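Quick one: this structure, given as structure tokens, is what I'll be asking you about.
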Amino acid sequence: MRIAPRTTQAIAKGLLLTATASAVGALVFVVGFVLAGGLRHVSWSFLTEPILDMGRAGGIFPAIVGTLLMVLVSVGIAAPLGIASAIYLAEYTREGRLTQTIRFGINCLAGVPSIIFGLFGFILFVNILGLGWSVLSGGLSLAAMILPTVIRTAEEALRSVPTSYRDVAASLGATRWQVVTKSVLPYAIPGILTGVILGIGRSIEETAVVIFTAGSAVQTPTSVFDSARTMAVHFYILAREGISNENAYATAAVLICTILIINTTAYTLMHRLMRGRRAA
Amino acid sequence: MDKLVSRLLLLAACSSAAILALIALFIFKEGVPIMARSGLGAFLLGRDWSPLQGQFGILPFIIGSLCITLGALLIGVPLGVACAVYLAEFSSPRWVNILKPAIELLAGIPSVVYGFLGVMWLAPLIRIRLGGPGLSILAASCVLAIMTLPTIVSISIDALQAVPKSYKQGSLALGATEWQTVWRVLFPAARAGILAGVILGMGRAIGETMAVIMISGNSTAIPHSALDSVRTLTANIAIEMGYATGEHRQALFATGVILFFFIMILNGAALRFARRKF
Amino acid sequence: MTTMIRTKATVSFFVLAIAISGSGSGCARKSENTITLAGSTAFQPFAEKLAEQYLETHTDVRVNVQGGGSAVGVQAALAGSAQIGMADLLTLPEEAKTLTPTVVARDGIALVVHPKNALAELSATQARSVFTGEINNWKDLGGADAPIRIISREEGSGTRRSFQELVLGDSKLSPNALFQNSNGTIREAVASNPDAIGYLSIGLVNDRVKSISYAGVVASNENVKNGTYPLARPIFLLTKGEQSPMVREFIDFVMADASQRVLEKEGLIPAK
Amino acid sequence: MTQSNPKIEVKELTILFGATPALNGVSFDVRHQEILAVIGPANSGKSSLLLALNRMLSRIHEASVTGSILLDGRDIGNIEDVEDLRRRVGMVYAMPIALPMTIRENVLFGIRLKRTIRKNEGDTIVESTLRSSFLWDEVKDRLDTSALNLSGGQQQRLCLARTLAVGPEVILYDEPCSGLDPISTAKVEEAMKELKTAHTQILVTNNTKQAARVGDRTAFLLMGELVEIDDTDKIFTFPSDPRTEQYVTGKFG
């Protein structure tokens, strides 16, 4: 017997809604748990004071600075490099052996576990290049880790811009590079931003890579050549050795708020950029 | 000038392949000798991992990685894609604008947080309701599925939204229901983007270390059910690297080599599957 | 247009050049007044605590404390990326022969079970049988009819090696054991499973888990100190070659009575 | 340059997509300031011909072109600055492609690729080109609103204005009115007639009546061959080839 399309639709919608509800529910549970457990212990002094007494006392100011610096370095490297790669793949070449190789490399890199990036960064940046445990070593290693995410999302975003936009620009005398910058990139920004935001998220949450390459110094870093501890590492150390669960969750809560602020800023910037481009 | 730009972009595009090559070179250099010494067969198919006694068999970890990744995908992909479809096609734009950034936010929650929550909530739940030690394949798959959700949902929504509106209108105009339109028109049109999200999510699942260490129990025995504890290849590296020296350390790098091939095969399979299916 | 791109390329080249040369000088600047410790994650928080106090009187130096594990401690001390390596191994590995070890403290190991578990003590033989898997049900120890879930540290960790040598001897750990790679997660895992048994640093036992006696002796730092409780391992600071005055001063500070009392307060056993 | 020399000479032009021919050894001239209508059924090679005239075909990897096209006596295949060629030979597409920006930005998009322009110069260009494309009166009060709010017909005239703004000598139209209502179509045709004073125009169309209305001369393409090119009146009344007659009278195609 054939089921009427309307019935199928009702069943499908129901299933989709259930899936959405459980996915969102699970995620809300995680955030809610951390915020509920952590925000109680967050205060102004917690945000501004140095880490004292193995993390049981004082605040997490050095970890906040460390996190921001690390994100700045890693995204500052990975975003331009990744977007440039995506432009090459989507706009400057056609499918062939070379793109297949590059794409394969990107896919594999996406699957390389973070611990391997950590060991790689430890040997290459910390030891061979002599950068030591530093924000720079950490940022470079993290950049390598988030590169595939940025490339894949940026490439998808570029490809989703209608071909006709490119034709129009070219027929008006745009060079290849102008076609990209004037009639493709502006419309791919939302998608590219998704990738960058996911990349920021991964940089912020990563622990294994950071411990091996940026170290976990408790002092506030004053330059990219100093060792630094990120909030994720701080949480990990506090929770791992069972030092202070309160401060661990408070750190995680601050971490979530930081991501919230970064993401909101990014979205606001994007909307400002896109205003006037969309139909009213 | 266009030539110069083209060259620079090519250089950028090659960087990720170059990084991959560097990483490969470095773990192969450390890992291959021990595999050669103990024999590839013995290394891959050995069931006994006692590095301090010179026993390096990683079969249980290969099985562990496979089970957990598969489990995470089985739970995470339908859930994530369904969530994306619902948000992109059936809910009001206002909800998408709130929920999509909210879900992306979750990509930034440290995996160790997920791990701790898993140990404190999920593992006891599974132990009491379903039996076994709690720290198990099932628990790890659930935690990883939740961790991959932000990647899959977020990228899939982008892919669905990038499908031209005219496709949808065309299909609806032919008398298709909304669901038929989504299933027969939008979904195939967005599949490349959705697949990109799934591959990235899968990469995250295979590559995840810290959370898996906490939640999977890390037993070195071969599992018999989803309620048994396992150790993944990544966990094996991360859990012991801090203390490993000499041959033990080399064996961990060799685990990395196998992991490397493992990821390449999975990627190849995913891409082939994507080509054949549609 | 062309000139603009060229200018951009030139500018970015210079930025890169400055960054690279800066990184070189940055390292040079750093090593002069920075002491870097790296290694054992178990000792890392204690080292941080000591560094914090050290800096109160030595404002002109920077002390970086890095984790990574005891193996990283040995490697870093050998490679020179850290002046002081930290390791909590019962016996130091072959490659550490060239390093100078200083025992700065000892760490006791307690057997722990879920607070609801009625078990109060294990004899040495019982402990061995439990951890090798010969006894795999709590009813064999007078408890409820439930399987024993062993939760152990990972192969190679200082705690695990000490436990292996001191409790298991030549026998092998049960193949059904679960593993966690830190004291904190062992505690959580045991606290969340009534059938579990594990072992962790005495200093980190709290009311979420129950410490049980081993061979008739209560696990406590006093008993480790007076030699009646056998499960403990040393913590080493490792240095390579001649110690620089700055490094020697720091190690002397760690060995000083005040610092040793701090370590004792935090749950470690002083070296002296 | 005397008016008797043709503006464009197409000689033995063959276009292949991979191994499939789209145009097969076609030769003809285009005169100064005329409107040449090109008609023919689907797959006759009309659109490929247009794409060859401003070398947009070079953007399609599998396309290959042999033969030559002379613009003012110069082979466009040898022109190094292909962007300049495309500014001289403008193009209006079948679908109105308004870029997602304001009306003003759409019009000035092409010029801004070449140079920066001052506000008042921009205003002048916007007004003159929009007047030429018969759109000015409809949009003069909302130049800074999104172009996507315009109707299809308005968008197509905006596309024409955008093409005019870069100052082309030749304008190519690829079925510009296929999606438009009769009123918009009439306006576009009116604009084309006015533009004859300064521009050479080639109109590819599926609509033979449109060719009859605006074409000075008409060319009939069939399966990649040029069947006939002659004055429009002659093509529609006494064509020399029976196939042309069949097509224009609606017997096939």
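By letter and in written order, the chains are A, B, C and D; residue numbering begins at 1 in each of them.
Keep in mind that, in the parts below, contacts are C-beta pairs under 8 Å (C-beta built on N, C-alpha and C of every residue); 3 or more make two chains touch, one makes a residue touch a chain.
Every value quoted in this text rests on a predicted model; they were computed, and no experiment measured them.
Annotation: omitting chain A yields the touching groups B, C | D among the remaining chains.
Among the remaining chains, D is positioned farthest from chain C, on the basis of C-alpha centroids.
Between the chains A-B lie more C-beta contact pairs than between any other two chains. Note: centroid distance chain A to chain D, computed from Cα atoms, is 47 Å. With centres defined as mean CA coordinates, chain C is found 31 Å away from chain A.
Distance between chain centres (mean CA atoms), chain A to chain B: 16 Å. Mean C-alpha position of chain C lies 77 Å from that of chain D. Counting partner chains per residue, chain B shows two or more touched chains at residues 1, 5, 8, 116, 238, 241.
Across the assembly, chain C contributes residues 41, 67-68, 72, 185, 188 that each touch 2 or more other chains.
Taken pair by pair, the chains that touch are A-B, A-C, A-D, B-C.
Taken together, the chain D residues at the contact with chain A in this complex read 54, 56, 59, 61, 83-84, 86-87, 90-91, 93, 95, 97, 99-102, 109-110, 113-114, 145-146, 148-149, 159, 162-163, 166.
Considering their complex, residues 94, 162, 164-175, 178, 182-183, 187, 276-280 of chain A touch chain D.
By the touch criterion stated above, chain C contacts chain B in their complex at residues 1-2, 5, 9, 41, 67-72, 74, 89, 93-95, 149, 154-158, 161, 172, 175-181, 185, 188-189, 192-193, 195. Listed in rising order, the residues of chain C touching chain A in the complex are 22-24, 26-27, 29-30, 36, 38, 41-42, 44-46, 48-49, 51-52, 62-68, 72, 79, 81, 182-185, 187-188, 204, 206, 266. Contact residues of chain A toward chain C in the complex are 51-55, 126-127, 129-134, 136, 211-212, 215-219, 223, 225-227, 237, 239-243.
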